[in-house]
Each structure stands twice: as C-alpha cells, then as structure tokens.
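Below is a structure I'd like to ask you about.
Residue numbering begins at 1 within each chain, and the chains themselves are lettered A, B, C and D in the order written.
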Amino acid sequence: MESSPFMQSISFLLLLFPLLGFLAIGLFQKELNKKLSGIIASSFVFLNLILTFILFWYVSSTNQTVETNLFDWIKFANISIPFAITVDRLSALMLLVVNGVGFLIHVYSIGYMKNDEGVNRFFSYMNLFIFFMLILVLSSNYLMLFIGWEGVGLCSYLLIGFWYKDHANNNAAKKAFIMNRIGDLGFLIGIFMMFHTFGTLNISEVATKASVMPSGSTALLVITLGLFAGAIGKSAQIPLFTWLPDAMAGPTPVSALIHAATMVTAGVYLVARSSVLFMLSPVTMNLILVIGIFTALISGLIAIYQNDIKKILAYSTVSQLGFMFMALGLGSFSGAMFHLTTHAFFKALLFLAAGSVIHALNQEQDIRKMGGLRKKIPFTFALFAIGAIAISGIPPFAGFFSKEMILSVAYEHGMGMGIIATFISLLTTVYMFRLLFVAFYKPESDAVKANHHIHESPKVMLIPMAVLALLAMVAGFVQIPALFSTNITVFSTYLSPIFFAAHQLVPASGQNLTVLTEWLTLLIPLTIIAALVYFSYIRFAKDRVPAELSGIQKVMANKFYVDEIYDFFFVKPTEKLSLFLRETVDQSIINRLINTIGNSTLYIGGRIRLLQTGNVGFYLIIMVFSIIAILFFNLIR
Amino acid sequence: MIIALLLILPLFASLFLFTGKTGQQSKNFALLASLVLFAISLIGGYELIVTPGKALFSNVDLESIFGVNLMFKIDAISIIFVILTTLLVPIIIASTDKKEHRTPHFYALIMLMQTALIGVFAASDMILFYIFWELSLIPIFFITARWGGENARKISIKFLIYTVVGSFFMLIAILYLYTLTPTPHSFSFDSFYQLKLSYSQQIPLFLAFFLAFAIKIPLFPFHSWQVETYNASPVQGTMLLAGIMLKMGLYGIVRFLLPLCTDVVANGSLIFLPLILFGVIYGAVIAISQPHLKKLIAFASLSHVGIIALGLLSNSRYGIEGGILQMFSHGVNVVGFFLCYYMIVKRTKTDKISELGGIASMAPRFATIFMIIVLANVALPLTNSFVGEFLILLGLFTYNKILAIIAGLTIILVAVYMLKMYQKIMYGEKKASTENFTDLTFNETMLFVPIIIAIFAVGIYPSFVLQLLQGVVK
Amino acid sequence: METTVTQLQMIPLVYYIIFCTALFTIGVVGVLVKRNALAIFMSVELMLNSANLLLAAFSAYRNDPSGQVFVFFIMVVAAAEIAIGLALLVVVYRSSRTIDINILNRLKW
Amino acid sequence: MFQVYLFLFLSCVALFSAMMVLLSKKPIHSVLYLTLTFFALAGHYILLNAQFLAVVHVIVYAGAIMVLFLFTVMLLNLNKEGQFPKTKLVKIIAAIAGGLLFVVLIGSLKSFDLATVSNPAVSQIGLVKNLGKTLFSQYLLPFELSSILFLSAMVGAVMLGKKDKE
C-alpha cells in the first residue's frame, strides 16, 4: 500500500522535532536562557501535536496506514531490520495521547520547574522522552519498538534521578531501570523466538504469519510470554511493580507524563499491538488476566494505607494498569485502549493537581500534614476533585465509560469475573476519596496553619490542568455503553480494523446478559460508590486521631513487604555472591592457583639448581654418560 | 602499498622517537604519525567498501634469501581491526597529560605496539602472524613495567609469562599445521584453509589454539593476569591492552578456530560455551561489588569479551558477524571508559568508588559524556554495542535457547553494576576528594569526540560494517 | 711414495675407525679422570687428533679433498684454542693458585 | 703387507703413549708422551699420503702446542707428584664410561656400510699441490677468516696473560 509522500514526511517530522528539541536544549544547556528552554521544548511538542492531528485525521478518514522506511538499520544475509515507521489507527491514537498529554505537561512544567537550576536539562530529557516514546509507538518492527522501549526506560531513569544529589532518588531511578531491564530480557527473548519462528520482525508480517499457526503452539507461547514479561516490567505489574511507587522521587510532571500517562501504558500498547499473537496463546492470555487482577487488587489495597500523596497516585496507577491488563486478558483490546486513553487524561490531571498542591506547600507530600486546602487553593481542589470523580468511575465522567466497557466484558465472561472486576474498580473510590477528604476537607493541620505562603499555582500550570479536566469530563462520550445507546461506539469502531484479525481468530465467547442483569451490574456498584464516598467523608474529613493499624492493615501499609522480600531473596544474595566470587573464588582460588604454578616453578628451579655443583668433573661424567645414552638409543633403535 | 605504509610508517616513527629529546615534541610527532595512519587505514577501508569482497595484498617475496615469503592481506575483517587500532592509538597518545612527563620512549613504544598490532591483523602468513603476536608483548611489557603503579614489575612479568605460555601452545598448533600442509610446506593462511582436517586432527588443534586465545582474550578461568595488569599498567597501557590487544585473541578465533576447526566448534560447543558463559556471568557478578573503578572496568571487560567469544563460537552467522561488530564496539567503549577513569583519577588521585561522589553537579559535560559511555556499555539501543549484543544473543539463541537466556542475564547485571558505579561516582553530595573537580577542558573533550561519534555511528547505522563483512564471513 | 699409496688398499678403513675410536676413548677417559686442568687439555687434544685422523682417512679413501682441508682448519682452530686456553689457565692460576678443577667450582648454582 | 704392519706399529705406539699420558704421575711426562703420540699420528698421515697434513701436524702440534704446554707446566710449577689426588670411585666410573663409549661407538658401525666408500688406488689429494688448489679456490674465504681468528686469539692471549698494573 503506497502511502502519500506528504504523510510520510509528516510522520518523519514527528520524530525529528523532539530530537531537535533534545539536541538544541541538551547541547546548549549552559548557554540557553532558563526561561527559553521550556518554551522551545513545548513548542516542538506543540508542532508535533499539530502534525498528529493531521495524521489522525488522515488515518481515521481514509483507513490507510502511513509507512515510511527511513534507512536499513541491520541488514545482512537474511536478516533485515529497517528503521521504518508505521502510522495506523492504533499508533495514531497513541500519538494523540503522547503528544496531547505531553504538550500539556510540558506547558505545566514551565511553571512547575521555573525555579529549578537544572531546568534546561529537564526539558531536554523531556523532549528525549517524547522522541523515544514516539519511536516506540510508531515503529513498524519489534526491534525498533525495543529501541523506543529501552529509550523511554532511559529517560525514565534520568528523570526519576533528576535531583541526583539525593541518593534516595538515584536508588529509585536505578531500581526502575534494572526492573525494566529484567522485563526487557523477556522482551528480547520474545524477539529472538519471533525471529527464529517467523524470520522477520515486522509487526504486520509477524501477525500475518502467526495467524495461520495453530492456537497454543509452543513458539507462540514463548513469544507472548517474552513480550508479556517486557510489558510486566514496563507497566509495573506483579512481580515487577515496586519500581513505580519509588519512581515518584522524580519531579511531579515526570510522574504525570511518564509514570502515569504514557510510558507505563506501553505494556498495554505492546499487547494490543500483538493482539494476534496473544489471541493465539490462551495460556498467556490467562496469565495476563491473573496477573492483571492480582496487581490491581494488591496495589489498590496498598494505596488505601499510603500517606504520601504521590505514592497513593502511583499505586493507583499500578492498580489501573492491572485493570487494563485484566481487560486485555479478557480479550477486550479496545476496552483496554479506551481505559488507557481516559486514564491518561485523568491520571495526568491528578498528578498535575497533586504537583500543584506540592508546589503550594513547598514540597510537602504527606497528606497527614495537609488538610483544609479546599479553601486555600480552590482551583486546584476543583481540578483534583474532577480527576478523583473521573477515576472512580462516577458518571458522566470519562472513567465511568471506560470502566463500564471493561466491566461489561467481564460480566460477559462470567459473573464471578464481573464481581472481581467491580470490586477492583470500587477500591479506586476508597483510596481516591480518602485522599481527597484528608488533603482538602480535613481541618487544617498544624503544618498548614504554620505555613503562610500557601498560594494558588500560576496560570501556566492551571490552564493545562483545566484542559485535562475538560478531557477527563467529556472524553468518555465517544463510547457509550450499549445499554443507553447502541449507536455511539466511536472508539471501538475506530480501532476495529486493528483488532479485526485478532477477534477473527477467536470468536467472541461468553453469554449475552439480560438487560436486567446489565442494569443491576451498573446500578449496584454506583450505589456502593455513593455509599463509599459518604463513608469516606465521615471517616476522613473529620479531624480524628488515626486509629492503630491492625495486623493486616499494617501489612498493606508496608506494601506487603514486597521490597523487603526482593531484597532478601535477590539483592542480598547477589551481593553476597559477588563478594564471595571476588574474595574467595577469584582471589583465593583462581589467582592463588596461578600464582602457585608460578611459585612452584620457581621452587623447583631452586631445587634443581643445586644439581649444578660447580664440580667440572661431575658435569663431564654426566655429559659422557648422556652421550653414551644417546648413542645407545640410536644403536638399539 | 597501503599495507606497506601501515606497517613501515609506525615502525619508522617508533625508531625515530627512540632518539627523541623532549616528551612534548615526541607526543606531537607520534600523534601526527598516528593520525596519518588513521587516514591511510580509512583509505584502505574505502577501497574495500567500494568493491565488496576485495582484499588488499602485499607480498614481499624473500623466498630466495630467507626462505620466507612475507605475505600480508587485509580483507574486510582485518580492516575493521586495523581501523580500530589506528582510531584508538591517536586517542591514547593524545590522552597523556603534560604533568606526567612521559619520555619519548613512551611514545616510541606505543608506536611500536601499533606496528605489531597492525602486523597481526594484516599478516597472511602464520610465521608473520606469530612474530607480530609476540612482538606486541614487548612494548606493552615495558610500558607496564616502567610507567606502571605499585608492583608493576612483578605483575608485568607475570603477564608476560602467562601470555607467552599461551602463545607457546599456538606455536605448537602452527607447527602441527605446517607439517600437515602438502609439500612444499607452507605457512600461508590459504594453504591452511585448504586443508581438510579430520576430526581427530582438529581436536588437539582446537585445544591448543583455544588455550592460546583464551589466555589472550582472556576467558575465565585464565583471566587472573588481566585484572592485575590493568590495575598496574599506566592508563595508556591499559587502553592498549583492553582496547586493542585483547582483540587479537578474538581475531585469532575468527581467523583460525572457525575456519580450521569447524567440526569441533560445531560439535563441541556445548562443552565450552557453558564455561565461557560462566565466565561472563562471573565477571559481571564480581563487578557488582568491586570497590575500585579500574578493577570494575576490568571485570566488566572480562564479561563483555566473554559474550563476544560466545557469539563467535555460536555456529551462527548472526553470532559471528555480531561478534566482530561487537569487538569493534567494545574496543571503542572500553577505551572511552578508561578515558573517563583517567579524567577522574587525574583530578582526584583515587579510584576508590566509595571516595568519589557528586561529580555530576560540578562537571556536567563530563557527566554527560560519561553517561553516554556507560550507556554504550549497558548496550542501550542506538549505541554501538546494542547491535552487536543483539546479534550475538540472536545467534546464540538459534544455537541453544537455554544458553542464550542465561547469557541474557548479563544485560540485567551490566545495568546493575554500571548504574551503581555511575551513581556512586557522579551523583550524591560532594566528597573530600571531589571537592575541586573541574569540568573537562576543551582538549580533553576533543578526546571523547571520536569515541562518541563511533558509538553513535555504529549504533545507528551498523549496516555499514555488517555489509562489509558479508562477503567474508563464511 | 708410489708404493706406499698402492699398498694403502691393504689397510681396511675399519682399522682406522677402530684405532681412532680407541684413541678418542682414551681422551674421554683422560678428561674424566684427570683433575689437573692442563691434563684435561691434553686429553682434549687427543680427542681432536683422533677425529682429525679419521677425517683425513675418509678423505683419502673417498678421494675428496674437503676432509683434509677441514683437518687443516681444525688444527688452526685447535692452535688458537690452546693459546687462549692456556692463557686462561695462567690467569686462573694467578688468581686462585690452583688449576684443580674440583677446587674451581665457583660456577655452581 | 708392510703397510699393514707399519699401521699396526704406529697405532700401538700411539695408543701406548696416549695411555701413558694418562697414567704418568708427572705432568711433564704426560706432555712428552703426548708429543710421542703426535709423532705417531704424523706417521699415520704419511701413510695416508696426506703429506701436507703430516707436515702441518708436526709443526703445529709437536712444535707449537707442545712447547706451550711445556712452558705452562714450567711456569706454573706443576711438576710435583700427588698434587691432584683422585679417588678410586672416579677412576672406576671413568673406566666404565670409557669402555661403554668404545663399545657404543664401535657398535654404531653396525648400520654403516663401508663398502660404499670407494678405495682409490692412488689418492693424490693429500699432496701439497692438490690441497693447495682446493684451499685457495674453494675454501679461500674460510682460510682468510681463519687468519683473523688467529689474530684475535693472539690478541686475546696477550690480553689475558698481561698482568694487571696496579
């Protein structure tokens, strides 16, 4: 399919702009005015956003994909991996999310990072991140996707450890990178297996070749498990989820952009991208389902007992990602993508609002030291509340629609699954409203009272938040549950060509629910949500002495001791092993062995030396006898 | 012509430098000579690229006088290493600091080293190969012994003996091969390649060659000279050792083991690949807790070259080509790494990681460069070592999946020790030793420029090298 | 002279070999037995001479002049060797007042 | 037949005097017996029709070398008995060694085919004229070099023999 050269060049420019932004700001870090860098970076992303709209309009109206081959990256013998980009409907959607949210957060950062000395560095990293994220989204083969995959990991590393003077930040950054690397190993193995099986890494070719394979073959199992391992790392699923809460050490806009809206959802994108492969591998799909459910549950529970505003949001992100993976596991790719999109809006909004709070309180993140902020910073409060309502799935905000789409799939799958899914989504309400009430409603804490500098954030921060809030409110209307109207399914229609092949392979299973059940499954949770909100208000909005945590609560507050367990089982043994190998094996065994060989040669030499008595007569006798021996040997031969 | 220039120029430069008076003049002269060599080797590379499959020849027929025929041949594999040598030597020469007062002999020895290295890579005759192989030991021995640190003499002697023992086995293998060639016997590579060796002949040959190369590379468990020698040698010597000289062993694997012992490599891989693999993991794990930067680089290097050896012996085109590419990348990266080390040690006089910290805030330019080099070592995509490691692991995977997965663990471990090291050195608060850390000067920055260009050039457009190799890798 | 030469055939070559071997062995035994460096020198001369004679004999029997030329050269070298060797002995004697090889064992270890 | 007897006679003289070189107690006697051996060998050379060699042999060995030996003996004042006592053990070992060596050397003749060596009726090569031609044509360079060897030997001997002036 020939794509128009105009669109091709646009898709190329899409990569070029952020790279230019990175180079321009990165190379002239010292020379560049601090106020300017944010504007430069934002304007490059803004240009990208415009290009994205054009591309989006193009692919959604013509149903064509734009393919651009830039150059051959690795090419010899029968391996050919070009540097090529593909814009289809799925990537166009991601482009919108990345560039749209990315642009808003860039603008927000201008205000947020105003007083930081490393602001130029910050914006260069941000642009670099956009660049790699776009590579990830646009790549036409898995290896190039892997470039973006690792690249965003790098940016995440750099940005989490942005304030590198504090080793706590650096440790968090390192942890993120290494945990991602563990997932990446799986990804690589998946790629190897893919190349081994199909002889190509091109995404669409792989899908075509795979679709004729029998369902559940071992090769596909290995490939999908590998890819999913990558997704686990990147999207912070169990067992590799502990890095994401730690990653909150970075500046808040980073948390919003990378660790909420875009990068962490790359795992979801990857699975959706490879929908054909995954559909053919039911074992992996079930694994995804299980892991998604557990992640969503556990991190939702942990979130309830956290006190750091960003950590709550981080665990919330993990939980929502788990929710998306659950949707993927159920085979609802467009549901997952829909939730990904809406989640990007309201989670980014929540983070930015949290950033605004932190900004107002001079880097205070503990919600116990907040309270009563509703009156001090009303705009932020309003925006935060919109976010909280949206994420809790209260109609008519966006979260309701995307969650409903997933829940209905879950109920179709089985009543038990539906109830689990509902429970997970209810957890959201609990921790979000706890956060909301403690931080904004509760009577002012001493810290807030003592702080007279609490101020509303500047407009440059509020406006992007307002735009996000608007999106969080209305974005859901593109896909309305079938219960209300069967016509408005813009979103799933838009994505249907992408997942057509996958859904073709496995016919939709599950029974259709009766209308009554559907209404019930819709209304009962809503009632519970209302009850929960009220209960939270009673419980948290009043100034009460926090009760002692009971046993199980303590476990949850301490994040199920996962970090400690990993430390005990992986980190410590590795360090011990390292020490053991270095001290014992290398020094005491191998090196000593070699030295012993050398020394024993010296020793033997020293002994043999004594044969040289210096007595010439003795030498002569030895010589003569040796000659005799040689001649004799010749004789008898 | 090109080969003759490549060999004679550094030799004469070296001889001339032995008569030099002041260090500074000698340095400039050596730098100039090595840059000219670099240009010449690039011309050679260009010639090979425009006509794929071509090779440069040079034949000095001394048959009538000494009964030997000096045969040189530079094909695509050789030119990569020749370019690597000529690229790195100017950097190494330029990296010497004024304050250290190197005598002209120092530069003369480096140039002599360059002669030997180019000779090794260009030789097409076993005896020549062997002579240059051994010749390369002489300058590095003196560099280490004379300008080295603590215990340098003792360690350099250990190094010398260790590697000579290895070469001894190679000599035996060479002579054995010589007797197998049809009369009139010949030492030329081509006559060796034409031999059809039986399996029972290949086994002793393989063992002898493998031992020689394993010591040189070095592979576990023959690595104990490496760390000590790196540590004792002056940083220029270490760069020569790690950047170029170790590649001689790997080059030997490509040149001799693969074409001559095909059957053994094909059948015996499952015996020795796990051993190499163990060394790879071993080096990486030790690097995690290594308190000295230089030793850390040594162990990291041990791990990296192990991966290259894995790729070369993986019986797969991907592995072999990836291995060759990775050899080039590793040479560049490790020299960059040692340069960073040198910059740190020059300013702080310590290489204990625990005594360093907070450099990034004082020297942002250095921090960026160091970060790029660290990332290249971590094999991040778009840096040079990613492509190589990817192809190596792919090759290994097509050969044996379990081994590839275990080998893949290194990409995690490398991230662990590299980032840990980088964090402790560059991040955090200033320490006493890093209080007055100044950022790189212009000259120092220029040293890194070619390295960084090489890192990204190979990372972004590796097809250049890969296609060059296409005709040669069988 | 003519008669001598014609009669030469009467002496089988193997006689020369046996004789020279015997002489050579005597020289070897002398080298082993003697402690006097001078006597050892003399024994060495005996060995050299036995080799010389054998060379000359082979040369004559094979009608090849090279052998005799080499004998000549060996004599030349032997003369030089003796000159140097005896000079050395004198020097050694001067410094250590003996030429007993069992006492001159400073070359050990 | 006369020649054979002559050969046997000369051989006996040579072997006997060689033995006496070893057995005589005084070095001066050894030297004189050695001279006798040399003369016997010179006779052998004549028997082989190698006149040139015979002459050179007498001049070099009996003339020059013996004189040197004698001088040295005198110079070092060695002519005393019992200066060099030797143990029985050494003698026995030496005798065994000598015997073995003789046997082995003769034994190695086993594989040697003497018939291949032609036995010319008249061997003229030992004559001064013939040998001179060979020496000055084919072996000119070694001949000249040997003169340098001599020169250096001479210089060396002088250097060594010179007493350090202190």
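Assume a residue touches a chain if its C-beta (ideal position, glycine included) is under 8 Å from a C-beta of that chain, and two chains touch if they have at least 3 such contacts.
From a predicted model like this one, the values you see are computed outputs, not experimental measurements.
Ranked by how close its C-alpha mean sits to the mean of all protein C-alpha atoms, the top chain is B. Averaging C-alpha coordinates per chain places the centre of subunit A 37 Å away from that of subunit B. Spacing of subunit B relative to subunit D, judged by their CA centroids, is 63 angstrom. Chain centres here are Cα averages; for subunit C and subunit D they lie 4 Å apart. With centres defined as mean CA coordinates, subunit D is found 98 Å away from subunit A. Within subunit C, contacts with two or more other chains are made by residues 28, 32, 35. Chain contacts: subunit D has residues 90, 93-94, 97, 101, 105 touching two or more partner chains. In subunit B, no residue touches two or more other chains. All chain pairs that count as touching, in label order, are A-B, A-C, A-D, C-D.
Residues of subunit C that touch subunit A in their complex: 28, 31-32, 35, 101-102, 104-109. Those residues of subunit A that touch subunit C in the complex are listed here as 609-610, 612-617, 620-621, 624.
If you check the complex, the residues on subunit A that touch subunit D are 617, 621, 624-625, 627-628, 631-632, 634-635. Across the interface of their complex, subunit A is touched by residues 158, 161-162, 221, 223-225, 227, 282, 285-290, 317-318, 321, 358, 360-361, 364, 368, 375, 380-382, 387, 390-391, 393-394, 397-398, 401, 404-405, 408-409, 411-412, 415-416, 419-420, 423, 426-429, 460-463, 466-467, 469-470 of subunit B. Those residues of subunit D lying in contact with subunit A across their complex are 90, 93-94, 97, 100-101, 104-105, 107-108, 110.
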